[in-house]
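What follows is a single structure, and I will ask about it in a moment.
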Amino acid sequence: MRFRLPRGDTILKIVLVAAAVFIIAIVVGLAIELYLGSAQSIRTFGFSFLAGTKWLPTQNVLSALPFIYGTLLTSAIAIVIGFPISLGVAVFISEKLKSHQNFGYALGTVVDLLAAVPSVIYGLWGVFVLIPILRDYVEVPLHKSLGFIPLFSGNPFGYDFFTAGVILAIMIIPTMSAVTRDVLSVVPNSQREAMYSLGATDWEVTQKSVLPYARSGIFGAFVLGLGRAFGETMAVTMVIGNIPNITTNLFSAGATLSSLIANEFGESSGVYQSAVIEIGLILFFVALLVNFLARFLLWRMTRGTRVKN
Amino acid sequence: MKNSTLPTGISLWRKILNKLMTVLIIVTVVLAVIPLLLILGDVFIRGAPAISIGFLTKLPTAPNVPGGGIANAIVGSFTMVGIASLISVPIGVGAGIYFSEWSSSKLSTVSGFMNDVLTGFPSIVLGLFVFVVIVLTTKQFSAFAAGVALSLVMLPIIARTTSESLKLVPTTLREASLALGIPRWKTVLRIVINTGKNGLLTGILLAVARATGETAPILLTASTSVYFAKSIFQPTASLTVLIYNYGTSASRIWQTQAWGAALVLILIMLGLNLLVKFTVGRHLSGSRVET
Amino acid sequence: MSDDKNVDLSEVKLATKDLKARFGKLQVLKGINLTFPENKVTAIMGPSGCGKTTLIRCLNRIHELTPNAKVEGEVILDGVNIYSPQVDPVTIRRRIGMVFQKANPFPTMSIYDNAVAGLKLAGVRNKELLDSMAEKSLRMAFLWDEVKNDLKKSGTNLSGGQQQRLCIARALAVEPEIILMDEPCSALDPIATAKIEESIASLKKDFTIVIVTHNLQQAARVSDYTAFMYLGQLMEFGSTKDIFERPKNPLTEKYITGEFG
């Protein structure tokens, strides 16, 4: 008698395999569709799309650089502000709250709650609360006192790169601190104890044994945060002013890849729409790259190219 | 051997630095927590005045006419998330089961990796994708398209959490079931899933919460409307897009309503997140899904 | 219950006085009175769970770093109780060094940097001084010849035994007065073990050594004095010769002859 697998097994496997394949198909399909949609724009503008600095729809002069710049600049501001704060929170929960696990868990939950707030609400709050505060208490004073520095040279209206960067910072803190927390918890206690027994203070133990050991993972958290910042749309759109601009002035209005798409996707003209889709394609690749990098770094930390015994 | 060359004791600078860093670290914690308190506080304070039964049950009015409501937006959001769940839950759970039960296959590795990449992908790109594929071809904004776009946001989350919860089910359970002669498909569907169902539910709830708060994908696919949608193939209003439109408008009334809508949205989201914490508590807190 | 008739009190470097320790509600050490003679090797042995590791970790104030850990009683170094509030644990931990059960070199540092890690902490910046201390401590740990040409290589590229000797060198570099060793050879093969035991024999000229071991033969080989512990209490203490040949406590005798443990 021939042995046959139960029909149920075969059916189940087919269904599940289909689901798994679907996921691959989505990612591949994403790339293909975006490419097809941008084809007209790529044909028309070629490489100057990436290098030119003007975005003038009415004159058919279109290039992505101002938006790439905006994405990079706002993300950089977000990282500069958000990364140290995330690191501090993670170190606090992981190193200082060892004897108070419950408080640590509660604090972690509170910070994670920040991640649950929808982007559009961040934007709303940004427009009505943050912009006035930043403009009056940070930007105007900085402009008055340090306005000779190119960074602060513009007349601050509040809808600018700086505000967008601050909002992004708040938004990426939960992700970065959560991942960093996980990464720090993997550092073996024997490392800390080895440093303590050489006669080190609490901070020195953190600085010289915990953080170096976890540096791969911390960098992974950093890149992950960067990735989040690159892709953020609504909160940025609502506070950045949406005027394509390449300038070192932090208090100038600007635009990002994602804010452009949100504002202009509905344009009906063929080439223009294709150009917007090409912007989406660029964002797709940037996000992909950053995602790969972050996962690789975190994989390195957990699989450990570390202690070899 | 007596100490000859080394400084004895610990230098004052090291002590000061230690204290200083402790203070700095506490400062960062305060800085991280304050925005949350401010935002939630503002949403409640500025949104509460807008809330009323009428607000929740009426349709929007013209920009400066008082008395409008967000009823269609609430219904619209539920509709879109509902459609998204119908699509993403079966596929996501299916993929998750495959990742867990056939974890050694090459398809599992590749698909799992793609899934990780898709998690936390910029949702506007997902929205743009659906915009190109559905909206442009049908020349129609629709709740259906938004549902598809949101399902792309939810899918990787559900697949990931399903896979992780099922992996926690002890192998011995599977082996015992198979040894009793129960076919694999029954083992997986009845026994494994039953044991892991808490985690599954959590993942689905997390994904639903995420989708409810999304704006960009809906903006690009369902646009908005001032009416209740008569079918899922028409432009449809949603809470998040409404907040965006009203919040960036010049109308004072609409701005207040934006805060009101924000409050409603926050309450829905907090409710969903609390549900998650209560169904599972600590053990799945590792599934921080934006990573 | 300590038996220290054969220890001249003026030679005592370190002593515990009614030392108690617990984890939360679990009382691990129930009042230990022990003396550690200067420039001698004292072994602490006993069956699993007797508290010997906890005891040694109390001696350099590492035990209290574990959440919910508490210490009562005194540990007296050169006449001063290291647990008194005026004493900074950071300075104590430099004077009392520790080598752990599983070698734990810092993986992100080179061999050289591992060896001088403690010196850099203490604020030593002078390159010549660091170089000479590195060489000195690596020699004392019997590791210098094997690594002298590879000092910049990572600390984790060494074998298990070499890593442990690196950890010994690291502890030696800060010129402690006492070295605590918590089963330093338990993860090593016999050849690596022999090398470390060899280094212990030469180290005791300059340091006071306390070694926790579950290996009776090792205790007999390297130590001058032995303490036997059971269930958180000190059962017997004396010169190694006396403990092994003429144990006074029946439990000690049972342990030595292998009836339990």
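The chains carry the letters A, B and C, assigned in the order they are written, with residues numbered from 1 in each.
In this text, a residue touches a chain if its C-beta (ideal position, glycine included) is under 8 Å from a C-beta of that chain, and two chains touch if they have at least 3 such contacts.
As the structure is a prediction and not an experimental result, all values here were calculated from the model.
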| item | value |
| --- | --- |
| Steps needed, at fewest, to go from chain B to chain C via touching chains | 1 |
| Most heavily contacting chain pair (counted by C-beta pairs in contact) | A-B |
| Chain whose Cα centroid lies at the greatest distance from that of chain B | C |
| Chain centre separation (chain B, chain C; CA means) in Å | 52 |
| Mean-CA-position distance for chain C and chain A (Å) | 48 |
| Cα-centroid distance, chain A relative to chain B, in whole angstrom | 16 |
| In chain B, residues with contacts to at least two other chains | 10, 14 |
| Two or more partner chains touched - positions in chain C | 90-91, 122, 174 |
| Touching two or more other chains - residues of chain A | 199, 201, 204 |
| Contacting residues of chain A [partner chain B, same complex] | 6, 8-9, 11-13, 15-24, 26-27, 29-30, 33-34, 36-37, 84-89, 91-92, 96, 105, 107-125, 127-129, 170, 173-175, 177-179, 182, 199, 201-204, 206-207, 224, 227-228, 230-234, 238, 258, 261-262, 265-266, 277, 280, 283-284, 287-288, 291-292, 295 |
| Residue numbers on chain C that touch chain B, as the complex places them | 88, 90-91, 119, 122-124, 129, 133, 174-175, 177, 206-207 |
| Chain A residues within the chain C interface of the complex | 98-99, 101, 188, 190-201, 204, 208-209, 212-213, 215, 306-309 |
| Chain C-facing residues of chain B, complex | 1, 3-11, 14 |
| Chain A-facing residues of chain C, complex | 60, 62, 65, 67-68, 90-95, 97-98, 100, 102-104, 106-109, 117-118, 121-122, 156-157, 159-160, 163, 167, 170-171, 174 |
